Every structure is written in C-alpha cells, then in structure tokens.
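Here chain A shows up in two complexes: once beside chain B, once beside chain C.
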Partner chain A sequence: MNFDIRKNFLVASIALIAFAPAASAQSVLDDYTPVTAELLANPPKSDWLFWRGSYTNQGFSHLDQINKETVKNLELVWAWPMADVGIQETVPLVHDGVMFLQTSNAIVEALDAKTGDLLWTYRHVLPELPASWSYQANQARRQKASIALAGDKVVLTTPDAKLVVLEAKTGKVAWEKQVLDWQKGYSYTVGPLIADNKIISAISGCSIAGTAGACYIMAHDLETGEEIWRFNTIDDPDNPKQGESWGEVPPENRWGGTPWATGSYDPELGLTFWGVGMPGPYAELIRGSGKGSVLYTNSTIALDVKTGKLKWYYQHLPRDNWDLDSPFERVLVDQEVDGKVHKLLISVPGKNGIAFALDRETGKYLWSKETVKQNVVSKIDPDGTVHINEDLVPTAVGQPVFACTSVSGGKLWQAGAYSPLTKTFYVPLTEACNEVTPTQSEFTAGNAVGSVKFGPRVLPEGIKEAGLFEALSINPTQGDHKWQHRQRPTPTSSMLATAGGLVFGGDAGRYIKAFDQETGEVLWQQRLNAPIGGSPVTYEVDGEQYLVVPTGFSNSASSISSAFPEVPLPNGNGNSIFVFKLNQDAE
Partner chain B sequence: MPATPRSRSYVAASASALITGLLIGSAHAGGFTAEQAEAGRTVYQAECAQCHGTQLEGPEAPGLIGQDVMGNWSTAGGLYDFISVAMPPAAPGKLGEDAYLNIVAYIMQMNGAKPGDEFLTADAETLASINLVDETKDGAAQAAAGQQVAAAATGDTNVPQAFTWGKKLPGSPQTEAADSPSVPQAYTWGKKLPQYQQ
Partner chain C sequence: MVRWLAAAVLGLAVITSARAQSYGVPSELLKNTRRIEGDTLHVCSDATGKIRAFDHAVANAIAEMLFLRAEFHEGFGGYPTSGDGFLDELQIAMTNTCDIMMGMTVQENSPFPEWAALSRPYVSLPYVLAVKDEAYMSLADIPVTRKLGTALSSMGERVFITWNQQQPEGKRYTRLPYADMDLMTKRVTDGSIAGMIVWQPVLAALRKSNPEAAALRIIPMAPVPETMTRVGVLMKARDTFLRSQIDQAIDALVADGSIAAIMAQFSYEGVPGDARNAQ
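Up next, the complex of A and B:
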C-alpha cells in the first residue's frame, strides 16, 4: 500500500484551517464593535451594557415593542442551562447581539442572543479551599450581579479576589491581576463598574475573620490594571469621626463594611456612589463598639472618581445589631420641578426596607418612607438623623431580641427599577422577622465573625403575605405608595422597567410577571422551572425585542419558604435562562 | 494546604468513622443516642446533603461543621428551633419532630459530640441546656487529631523534610511567623461579658 503520511496530514491540516474561518464567518461575534466610553455614557436602547442598564442603576429600558398591549403575545424562543450551580443572581449583558452570561465561580459564556448558540466559554480556575472554610466556600456560590463590558474586553471580578479581563470576541484572557489575598478571606461577589477609564470594584468577604481592618472600594486602570486608588470603608484616616464611631475598637478588630452591590456613577459630578454593608461582629455587645455608630457601615458614600476621596456620606442605619445590611443599589434620578433640575439619589438601601432620597451633590437627606414592617428604626429626624430602637439592643450574651425585618430582608440584593415614565421606583420586598441572639465564639479561618444566632424567618404578626412588590412614586420632597402588590411567595428577582409601560419581576413561586407600571395590574405571567432569580433584562436584535429571565436557586425563596408552604420549592437547583419575544403572528 | 475533594472527603469520613467507633457507648453523653445520630445520618443525607454537603461542608448552603458554627447556634435548642421551622426549603418544617431531633444528633456527632444513653427529646428546656460548643469541643479536638492519624495512615503525606527545614536560611523569602495567631478575634474576645438570665 502506498500510504503518504505527509499528504494525509496536509489534507487534515487544511480541513482544520478551513473549518475555523467558516465557523467564525457565521458568528455574530464578527460584527462585535467596541463598547466605547461614549456608549457607556449613552447606552443604545438595543443593548444592556450594565448590571442595571446604565450608570444611573435605574434598571430601565427604552425599548417599547413589548408593551401593555403586546405583552400577552410573549412566547419562549430559547432557554439555556447555566454552567454551574449556586445562588442565581446573574445579569446577562448584551451588546451587538452577543449575550455575556456569568454564573457563580466566575464562569462566563458568550451566547448568540438571537439563537441561543454558545460562542465561547471562560471557566476560571479557582484555588481549592480547606474543607473547614465553609463560609468562604459558600460565598463563591453567591456570585452577585454582573460582569462589565469595556472596549473589546469583558471585565470580571472573581471569588479568589482577581480582576480578569477577557477578549470579548474569543473569551481568551487578555490580562488578570490578583487584587487582594483570598487566603485572608477576600473574594469578589459583585461586578465591576467601568467609569472614567477605570475599573471600579468593591471587595467582599469582609466579614471573614482574616480580613479584619479593611474592606475596600478600589480603582484600577482599565488598560494596565495598575491600582489608582482604594477606599477603606471601615478605617478612614482622613475623617477622625469615623474612627471615633467605633469607640475603643481598633481597626484590627473591625469587620464588615462590605459594599455588596455595584455602584452608580454621575459623570457630570465626577462622583461614584456605593452602598456599604453591616458591621462585624453583628451585635455591639460582642463588637465592643458601645453606642458608636460604626461608620461607614450601612451608609451611602460618594467618592471622587479620580481620587477615591470621600465627598460625602450618609448613614442609613447606625449601630446595627441585627445584620441589617444597607449596601443595595443606589439609583440616580434627575427630576425637573419648576424649572430646577433636582439630582436625586434614591434607594431602599437596607434590609429594613426603608426608602430614602438624598441630594446626590451634597448627600443632604431629603425624605424617607417605610415599606415593609420594621421595628429597628424608631425615628428619623427632619435633618436625616436615624434613631434606632434601643429596646432591641441586646445587653447580655444569649439575650434574644425579635427584630423586623429579618437577616434575609426586607430588601435584599434584588434591585428595584425606576421608571421615568411614571416617576416611580418599583422594589421587590419581603415581610419577615427573626429572633437575634448574640453569642460568643472563637473565630476560625475562612469563616464569618457574626457571633449571632438567628431564629427562623417568620411573618410579622398579623401579616399573611410574605411577598410585596412596592411601587413608590418619587419626587424631591417625598416618596409615596403608588401601588402595592402583595402575595404569599416572595419576590426573588430584580425588577425591570421598560418604555412599554411595563415593570417585570419574578417570585419564589416560579412566576415571571409583567405589571402595569401605573396600576400594578398583572398583564402577563409565565411559570418557569425554578424561582425567578438574577435580573430580567431586555434587548433588541434585528428589530425584535427580547426578554431574558434568569431562574434558579434563591436564598430569598428558601430562607422563608415556611411562609408559603402551599407553594413548594423545587428540589433541583435549576439555574437557567429563558428568552422570550413576541409572536408576530398572534395579532 | 488545600486538599483535593476526594482526599478531603476521605479524611473527613475517616475521622468521623474514627470518632463514632471510639465514642459509641461512652458514659458521658451529649444528650443523644448513637441510634438517633445514625437515624439522623440517613435523614440528613436524604434531605439536607444536597445543599449542605455529604460531610456538612456546604457549599450550596452554609457549612455545618466547626466550633464557630456550633457557637452561633449556641444550643441544641437554637439549632432545633431553626431547622424544625425553616428546613428543608422544599418542605419546611414537614419532616416531623423525630427527624429533626435525629438531624440535630447527627450534626452534633459530626462535630465531635459524644452519643450516650440519654434520648434527645423536643423538650425546650432540655434542648436549651445542651451547649453545642461545650458538647463538641473535646470531640472536635479529637477529630482534628483523628484527621492527622487518618492522613498519616495513608502513608504519603507525613514525609521527611530537609535537615534545614523550618530554619531561617540566607536568602529565604519572608514568610509569616508560623506561631502568629491564626486569625484576628473580636475586640471583646476573652473578656467577661454579661450573660443573659432568663
């Protein structure tokens, strides 16, 4: 037999080479254009470029093909199982018809947003944690919020405290940087913000024992990864009041202050706004901070984007004793009243569900409004001074107090959406209380410093419906209830408001719902495979509007499922996305 | 050093088997019987392990091993009160009193508590009197020792080191002092705090 190995090899090589261009010629990635600074400042309505859609964190889309009249014609186009399990908090980002989908453990998949075809996968290799570091291991399964798009790159923050920058067209690593030490307990659980040619990121894991004394918001150069500034949320040498607010407790015994949600950005003011979480240990008795307000925990902070210097802060909950974090989305809203533009920052910043409005230039308190049942804040003065209910401050180890809301919220990471059409902020909330009892225990590596025993989450007295979709009408002088949609299963996803007059939200009962922004009437709903999770977002490809809905494992469902036992949660994890569009033949 | 999942599971399983073997029939009791813990193992592995891990390590839901975890639940009552209302999420509070008590017994045993002749019951006062840290403290220390024994028994980890191992040599990289405290503690740690009297 005359077998010419070289000839056969050559033919095979040519075939391989030919295959690659043929494949990529069909790829939507070929037409992928850079996400420029201009695009970030003014996102095209067909795209979803940020965690909350824009620098304002409003969670609003200008698309209106899916609207009050047409929403009934939504039908499933494609679905996709996610690459890993874990708490479902994802936000698909979309640009030029490419969807970037992130899941826990820093896995990113690029999908064709129209067809659901997989384009590439990036799987981050994580260090193996010691078995006893169970809190830290669990945190890696709480991959919150988003990744970020910038130029021809995808920027992600990882559970082992790295920044990783990928080529958007291939998923290959362009560069990566170890930012903080994962062996101390640092990990990223929220996505970065791209602003002023910087990657602005907030670290998590600051309630893990090894991270004592420092929790950071940081800026790195978008091109080089060089660190430009960092701001420590629990130790600010520039502000003596901050240190004093911890009483005798030195930085090396302070924990917490984790900024658990991606910040917003006002390019005109040059300020970036972040929420800061609870202090650790949770109870002041164990913390040793006496009646100190423990700054900047449970505060909004405004940082100069160029220097990282603090412009102002406002504390929403001083003296936290109940792990009632206040780190959630800060939403920027401009409203013109009598010819004057008011630059507001609105938020339901904390688990206790109280809504706030601040002047975002100065940090001045404007108003607040209670939503769900809470008993930890007794009064808020007209100047914005928040008073806590001192009856709920334990003074002895083992002393239980009954606090509302619960450690699971109230409000949680699921973000609200603001609609400029109705000047209304739509917020997913839970009615719940729990017993909180301080304990004393020795801290161990990889584990949290809470030192509190929580009782089961229970409904507040007299309330039978745990779930609340709250619509708060907003103006510079007050916030008020526009409508409230109460139901037994809890809301479990972020909200999405659209120019179609709709606001979408999902629940533990596996329903994605479209509400009329004006009335709260449910105009469309669809039951899926698991609690609705993450953030539903919308985008447009080839003239058609799509709605993508994440589903999967939800702490906001499982932590209080005893309040709606008639709607059993699935045993399976189920992390997936479902993509809908209008059936054009329906009319 | 981080271990591979397989060796980790193996070591943990060996350690728990060792403890169980050593401690069954012990006179001093953690307030539950070996039979309860064994029944609890079955219920746990069927109803809880999917999220909390077959070795109670998590990570889909929080891990259930460790002195700090025990400290945060404080007493058997603290643990029972929570799980008997809220767990498992797909059927909260629906496993029945016996099952929840058995799960508490199993979690305690996995943390190093000793089974004995006393039967764990749902009496609130009794449950509240069982201090989890106290009951698991000695066993946890033994478990740590047991892990070393188990690891040594495999014969491939306790290897000889160079004559100079552990000594400071010229040009050695700066390393953290091995005898420094492993993790920071609360400002109030070691101080006497008021204790709540019911």
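Up next, the complex of A and C:
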C-alpha cells in the first residue's frame, strides 16, 4: 500500500517537473528584451510601453491594421478576469508580446498577449492597515493609472507609499523602497514615469490631516532607488508668490495639491509636466486663504527633470472652492505651421472641462475652449488670467452654491487621446452639476472630516444627455469643436486614437465604441460585461494587431447614473480584460 | 410609461443617497450573512475618535444594562478632511462586523445615509477657547490683529467662522485651521496664535499628555455662540429593536448618574445625555 502511494507521488512529481520546463520553454518571456531608454524615447508601434503610449501622453498608436474598413471584423480572441475587485482604472502595458496588467491592491500579472496565458503574478504584501487608516484601504481599491516598464524591470507604486521594482521575466522583487511615511497618510495612486534614468512619481493622500504642508513629485534613481529630488506642490520657498497666494496660511496649515495623473516628458527640453489637484479644505472660507489663488493647486507645472526645479507654472483654476481640481493628463503636441514647429501642451486639465493650450517651452497661455456646461470660470483674459465666478464662492457656512460641472466632472481621470492624423484631441466628458455647501457634517464626534457637502449630480438645465465624446481640432492659435457625440450613458474609459483613423472609447452602458476620427460616426461597438474602464490599448504580435479593453466597477458610471436609469449597472465582480483582433477569414 | 416611472423613481433613490464621501461599495465586499450570537453586542468605534476610551466605558455600561457582553472591534478611521471614503468604510464595517458604532455625532442635517440610524445622545460636550496669555480673560480681550486657531473642520470651527463672518470686515479675526492639536498647542505657547478653539475632551487629553497644554486656560468665548457636540450611537436602520433598547439604556444611564460618573473619570465638562438647551 505504502509502495503504491509512493509510486503515485513519484508519477505525479515527474509529471509536474515535466510540465514546468515544457511551459517555461514555450514562454514568450524567453524572448523578452529590455525596455531601453531608446525604446522609451521611440516606442515601437507594436508595443504599448506607457500609461498613454509614449512620453507625449497622446494616447495614440501608429498601428493601422484595425482601421475604418476592417474594424467591423473585430472578434474576441481571449478574456481574463482581473486579480481583484475594486474600482477599475487600469492600463495594460505590452512589450515583446508580454502584457503587464496591474489591478487594485498593487497586484501585477504578466500574461501572454497573444494567447492570454498567465505567466506570473506579483501580489504586493500590504501592511495590515490599522483601523485608523481606512482611507488607505479605500484608496488601495481604486488604483489609478499604471505601472511602468524600464530595462528588464517593471516599476510599481503602491498604496503603502513604496516604489517596488520587479523582474519583468519572473515577477520577483528586485528592490523596493519606502518613499514616504504611509502612517502619516501618504499613498500612491498614480503610476510612475521613467525619464532620464529616473523614476518620477507623485504622491497622494495630501488631504489627510497628517500630511499638512507637503505634497510631492519626486525623482528616484532607477537603479538604486536613491532619492534625487522632490518638489513640494504647496510650499515652494523659491517662489515668494506661491507663499503669498495662500494669504496668511502657513505651510503647516495647508492641504491638497495632489498630482492625480502621471506626467509627460519632453526629452529635448529636459522638462517633465504634471498637473496638480485641488486645495484643502475645499472652501476658502474654511481653509482661511481669503481670495488667494492657492498655488500651485490646479496648475500645470514644468519641472527640470535633472534637478526638480520649477521652470514655469500656469494656473487653470485659482481659488478653487468646489473640488474642481485640474490634475489630469498633460499632452505634448508638436505642430509645424509656416515652417515653424510649435511645441504645445494641450489638456482638458480639470473637472470643469475647459480645454487649454500652452507653449510648453515657456508656459505661455495660447488659448482655451469650453466643452461641457460650466459656470465656475467667468472669463479667461487673452494673457491667460483665469477669473472665477465670485457669485459661487460661499461666504457663509451652510450656504449652498450650484456649481457646474459637478465634483465628479466634467472631466475626470479618463484621459483624452490626440491624433496627429487629424490634429484633433478626443476627450471623454460628462455633463453634470451639483450643489456645494461648506459645512462640518461631522461623522465621528470631534473628528475633522466632511468639511464640504456635495449634492446629487444632476444634468445642467436644458441638457438631456450626460455623456459627451468631444473632438477638438487643435492648432497653435485655437481649439474648436470638430464633432461631438452625445449620448445618455457617460464615458467611463480613457480614449485611444490609432493610425487606422479610429478613436476608441467606452461607456457606462458597457459599450466599447470605435469612432471615425473625422466624423464621429460609430463604426463598431461591442457590449461587454461591465462599464468600460481604464484605458483601451492596442498592440501587435506576430503581425496581427490586437485591441485590449478593460472593464469593471466604475465610480464614473454610478456618479450620475440617474441620468440614464434605463441602463442598469452590474455589481463589482466584473473587473476583466477583453482582447480582440481581426477575423482574417472575414470577406 | 410605468417602466419609465419606476426607473425614474429608482434613479431618484440612487441620487438622493449619493454623496461625495462615497464612491459606492462593490457588493462583494459586503457580507450577506446574519450573526447568530444572541448575547454579544459587537461594538465598533472610529480608531481615531477623540473620546474612544470614554465611548468604550459607555458601551460597557450599555451592554451591562442590556444583559449583553460587549465585544470590541477595531472599527475603522483615518480620513481626509473631505471625508473621502468614510461612508464606504462605515457601510462595510456596519454590514460585516458591528452592531453599534460608538462616538458618532448627532446633529441636524445628519450626513448619514438612510441605512443608518442614530440613537439619542449619551453625552454633549462643548468646544472651548484656550489661551496662554494671562491678559486675556475672554475673547473680547484678544485683539483682532492676533490670529486664532481652530480644530480643522470641527463644529467649533463652523460656529466660529459663522460668527466671524458676521462681524464688520475690520473686526474679524484671522483664523488658521489645524489638524494636529499638539502643533496648535505649540503655536499658542510660542505666541504665533493667541488662542485655540478645541473640543473640551481633546483639551482634557492634551493636558494629560502635553506639558505645554497644561499651561493653557479656558476663557469664555462669548459672544461666539456656545457649541456642543452631541454624541450618540450609530446602528443599522433595520435594527429597530436594538435601537429602542439602546435608547432606553442611554436614558437610564443618564438618569442614574452613570454617564456623569464616567465623564468625571475622564475630566470631561459638558452635559450627560442631550444638552437640549445648547446650540
């Protein structure tokens, strides 16, 4: 009997050993090559190496096999459930046929991008958060943006404020570094940018009481993790105007200024561009800053990549009183007009949905263009000075004001895509307003939370459709409406533009759609299992172009779901990716 | 038509409960089970609550009165001033772990959603103005050229801001919000600010832990209206029997002097039960 058991174990062991090398021998990881600085500067069109595809944050792919004519032949090739539940904002990265997929709670999976086979999984061991840090647990379930690829490594930012560097071939930890003290409230929710052999990252949690006075963008050495520089978005001793803009509020009484989206990088200028979020507390009545503009909140900042010194800043929304922060993607666009190359930075940086163009060498304001209904900015001067609607600044506790857009946007983390083919910026937007009331609606007795109350999100008067896919034609002197696709369900994913003349985006109604870049006509759509989330991404393996679409639980879907009650929202179990390619046999 | 009406009603229900403090809880995070221990009262509290030890003492007294065994859980806590995430975590804790959540504010325009219900207050505790300068005997003695500190986003801050805004512009104080009470104490001590408006239980705790706070005096805040935070127990609205039992226990503990005795242990000033005449 014992012999039989031993024999069976032996057979099973041999089978396992035989299987492992066989699987390993066929692994796409064997052919994985380092993501060099040269590749990062000029990503091959078959890969998707960055959050938004390249240093420019354009969200554009040069692949064109899937195009206006062929898109109708897209077919599902594989799907994969994500490793965890939670709000889904992921961006799959692809290199050499390997897909790296980050999900909530800092889990990374490597998948064969052609077959959907799992190659390895990394699960970050988070500290057992004490009950006093529920906010971090909450944040960990809404991981934003992305990871980064560099050399033979995968770089991850974690909810417990660590940089973790993984071996791309195995998922093993190469090194990790505790960057800031999570016990003060710091937490990473956006992915890093690899530039100039540095890991550039931006911290979150800057509205937590313990992080008063300091919110950072930082650079660490890519090889060693050593900190090279840090820039504080709410306390800049090198710029007296910054301090003055907070009135009599010293740094130790300031909060906010979180950069909520991964920055862009211009290697030629040596500058990295980041957006900064709202001030805290939200209402100036409570934060004590009077009529001060509270720099660098709601600004674009350009930092020298080598030193972290500020080259310039531009504030998109001074005196924010409504949590209408402006931290979203900064997109770099070069356009040649009459023989002169214009280096633009374009963005719909804030929740109020106003599009801006800046000269990215100098920060000079070029133009702005309104998109969705907003009432918080009354005027923007030709020199770029932004005037707020002072009627909407609460002057008493308990005084509600009706602000458009709502705290949920307008624009939110879902990134727009720029197509150099059409010189057009495609942006996912939401029409919504809400009441904003500075109040201390105390939850726990004596504890400092809930200083502003937001009413239900409602449609602006006269508007019946919450969803808007906006196409803005861009040039150095103006931006204008090229087309608008309005619909009841709100957009819930980032956009992807391709050389095939298509722009992809998804919505709360669970549809991934392919629009004609020129006309906005929907050329293809597919309904999936949950609201489309994160960023659709495209890549190529063995000469075939693939489209990967993340889906899952979405706060953007639920924030104004009352505007499309005919579209039921599923539960939160649906976090998945769906991968499509063309049916070569079609026609 | 009926379907659209139903959909509209459903939509209204959804938006009515929507608040910035909640992104919505995925249903798989919520346990769909019933607890079956009939003699145990699962007691939670905000781990960062200012009167947590006091709350536990009150919870023990409530449990004893109901012939139950109080079992304490770590609860949750630690939120940004916006309250981001609070209601999500509260819903998870109350669904999965807790029968009652101690130390919650009972106030008009309660921010809690419809699934939650509050008991009557078991204690009402005031905000106070603490100063170091011996020349100051009341708020009126503090020149408006001096700054004051307030506990960030507190009820005391709200009342002070409202009063301050009602003064002519030249007679308003400059006020700075503080989240770190030791730092605010230090700023009173080093003269950066003339005084600080804090919850009295917080000052009582500071006086035990921070020598600088021991030197501070409480002076009258008039004409700023008195601010009391009324503290109660949060339960699930569907636990109607438990709610009535808790309310009756609180009434009894106030009436027999038990709450007052616990307040004395912690050096709390205020009113057992509901300070009906307070602001």
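Simple rule for what comes next: the second predicted complex is superposed on the first by the 549 of 587 C-alpha atoms of A that agree within 3 Å, B and C clash if a C-alpha of one lies under 4 Å from a C-alpha of the other, contacts with A are read in each partner's own complex, and residues count from 1 in each chain.
Going forward, a contact is a pair of C-beta atoms (placed from the backbone, for glycine too) under 8 Å apart; a residue touches a chain by one contact, two chains touch by 3 or more.
Since the structure is predicted, the reported quantities are computational estimates derived from the model, not experimental observations.
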Please work out whether A:Ala530 is in contact with chain B alone, chain C alone, both, or neither, and reply first, second, both or neither. neither
After superposition on the shared chain, which partner residues are touched by A:Tyr282: those of chain B (first), chain C (second), both, or neither? second
With both complexes overlaid on chain A, does A:Thr395 touch chain B (first), chain C (second), both or neither? both
With the two complexes superposed on chain A, say which partner A:Pro127 touches: chain B (first), chain C (second), both, or neither. first
State whether A:Ile194 touches chain B only (first), chain C only (second), both chains, or neither. neither
Determine, under the contact definition given at the top, whether A:Ala214 touches first (chain B), second (chain C), both, or neither. neither
Which superposed partner A:Leu496 touches (first chain B, second chain C, both, neither): neither
When the two structures are overlaid on chain A, which partner does A:Leu459 contact: first (chain B), second (chain C), both, or neither? neither
Touched partner set for A:Glu566, first chain B, second chain C, both or neither: second
After superposition on chain A, the chain A residues reached by both chain B and chain C are 85-86, 130-132, 134-135, 137-138, 141, 209-210, 212, 248-250, 252-253, 281, 285-288, 395-398, 439-445, 447-454, 456-458, 553, 558-562, 565, 571, 573
Chain C residues touching chain A in their complex are 4, 7-8, 10-12, 14-16, 18-21, 23-24, 26-29, 46-51, 74-90, 103-105, 107, 109-112, 125, 147, 151-155, 157-158, 161-162, 165, 174-180, 183, 199, 201-202, 229, 231
If we count contacts the way the header does, which residues on chain B are in touch with chain A in the complex? 1-5, 8, 12, 50, 55, 57-74, 78, 81-82, 85-86, 89-94, 133, 182-189, 191, 193-197
In the complex, chain A touches chain B at residues 85-86, 127-132, 134-135, 137-138, 140-141, 209-210, 212-213, 248-250, 252-253, 281, 285-289, 394-400, 437, 439-445, 447-458, 553, 557-562, 565, 568-571, 573
How about chain A: which of its residues touch chain C in the complex? 85-87, 130-139, 141-142, 185, 205, 207-210, 212, 248-250, 252-253, 255, 280-282, 285-288, 323, 395-398, 407-408, 439-454, 456-458, 553, 555, 558-563, 565-566, 571-573
